[in-house]
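Take this structure, written in structure tokens, and hold onto it; I'll ask about it next.
Chain nomenclature is as follows: A, B and C, assigned in order of appearance, with residue numbering initiated at 1 for each chain independently.
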């Protein structure tokens, strides 16, 4: 039965591997965009103005409350339709815009990731002892200096466990984009099932691959956390 | 985009889908109420072999996508149809609704058990020892000391899991169950009317808002003895 | 100086090769889950009658073509948002779809049929006999429209693709499946479909089946549609159609005779 997973024309090993590649690329492409959104929204959540705070809270409530698959369909179908009517309105007969399933998938995942990350990042900022910031002010640091030298290095330490969990969630959520025809691991598995008629075997293998990916990430995250905390005395 | 028109034209089907989403979630949540404490206690007390197996199970469920688990159970079960028929289980597994509930229960209990385990381990040792000292049996201690504490500690985390459960139930639509997601998708594909997604989003948000509210109310009740403002028993005005 | 000249020349050559290769390039969408018309072969590539036909068509209209796989659910929205230019995916030409997209002339004739388990003994299909039975069809397909209109009292299950539908038919999770006639005949001959048989007369009601399978285009691409229609007629007339047809089928699918 193992020859089904061999590489080349008869086995599915190479197809699954290429799917895994797409899965990792999806997650890797989403992470920076999602973190950027998270940072931005965290600033909104901590803003002085009530309006800005309300926008931030609205955004995180919306994105955290909707099923990821609904967000995905809204981005994929909705943005496509909106761009179409937009381009017809302003440039009738023009080439039109295009949103590929990969971009739609990355966008939707980043929007969701950003909302959860915003809460984690806000928590990280809050966890920084006020006294340290006051100390920085007392020795005459500018707000920018305080941000770069005091807040950011520690934010990393406080936010890392939360962000690590979000990364694990993201790896798993990439499987949803298989529904909109991105050739990720999940979809390649589906294709293999269609040909081989062995759903249990192939979905189990897919699960195992995701599992290994997660275990590997967990190990790497634990190492990063140790490194981030190396200067901190433990109670 | 005509929001009101879309609602008027489609409300029976949306209502239908919402009912299915609630049915899926509530069924899975009720079953998990029985299973989660058992799993959590297992994680705290089980010996090396059983404990290892439990850890493996929890790690597997938490390390794989819900969608993959759903496909594994739904389509994968077909590969073992003779086996299921022999054990009289095919009638159960044949129904997509049952498959979805099964997978949702597996998924949510794995997460809930870890949260409740944290709660159990946070119960102060002294309280358990005090209960032993007054001669309570282990069952009594569980019921009167450990679980009331553990549930209170774990309550906010369990609430998050309920919201994740509602969101996860939307995947049922990919295995032919017409839940809120499935109905909205069906209507969208028929009409290409984006407004239907907006209504679906609004309903999902309403469901999660209800859970948040309910959870907050119960949390206040669970912690009523912790609030100094609450009247002491027997001190009613 | 010499190397500079060389790079310059190489650049010029590159430009030249680019301009000669700039024949019109088109993207064709197919579902890749509908054997024998379009499916993924064991080597992971898309194959089938639709692919052969589409490539032949491109040759005739002088375009460079590339097939992309797209789920059935999203195949029309994808065309409208210009993810690709043509849908060559055995799509039935129907009135509701004509409101969204334009169609070429039919390139083969279609009919639908019921498929049941061999031991079921079902031959009569009406809302009464289907009451409480589990009927499967593909989401967004003409079959789905048919079962929803004709068997409102049945337990209807809609699957994302024919592949998953076939899987559950052979697993016995559904009692009756509605499929297109030709793939259904093909299906029951396979090992997977050995459980099942085609039952009842073929459904040819044009209200559901439409005029046959056509190639879908955006409504504004009228010039392209003319060229596609001309090419279809040519392929049929000069015998190429028969050659493609006989690779997959024993009857002529253009006439269903």
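In this section, a residue touches a chain if its C-beta (ideal position, glycine included) is under 8 Å from a C-beta of that chain, and two chains touch if they have at least 3 such contacts.
Predicted model only: the values in this text are computed from it and were never measured.
Comparing each chain's Cα centroid with the centroid of every protein Cα atom identifies chain A as the most central. Among the remaining chains, C is positioned farthest from chain B, on the basis of C-alpha centroids. Note on interfaces A-B and A-C: more C-beta pairs are in contact across A-B.
For the pair chain B and chain C, the distance between C-alpha centroids works out to 40 Å.
Measuring from the averaged C-alpha position of chain A to that of chain B gives a distance of 23 Å. Each chain gets one centre point, the mean of its Cα atoms, and the points for chain A and chain C are 35 Å apart. Residues of chain C in contact with at least two other chains: 77, 160, 164, 167, 170.
The residues of chain A that reach two or more other chains are 77, 81, 179, 190, 193, 199, listed in rising order. In chain B, the residues that touch at least two other chains are 75, 77-78, 174, 185, 192.
Of all residues in chain C, those touching chain A in their complex are 32-33, 39-44, 69-71, 74, 77-78, 80-83, 160-161, 163-164, 167, 170, 192, 220. On chain A, the positions that touch chain B within their shared complex are 61-62, 64-70, 73-74, 77-78, 81, 168, 172-176, 178-179, 186, 189-190, 193, 198-201, 203-204, 206-207, 210-211, 213-215.
Here chain B touches chain A in the complex through residues 59-60, 62-69, 71-72, 75-80, 163, 166-171, 173-174, 181, 184-185, 188, 192, 194, 197, 200-201, 204-205, 208-209, going by the rule given at the top. Chain A makes touch with chain C in their complex at residues 9-10, 12, 14-15, 76-77, 80-81, 83-84, 93, 95-100, 179-181, 183, 190-191, 193-195, 197, 199.
Against chain C, the residues of chain B that register as touching in their complex are 75, 77-78, 81, 90, 94, 96, 174, 176, 185-186, 189-190, 192.
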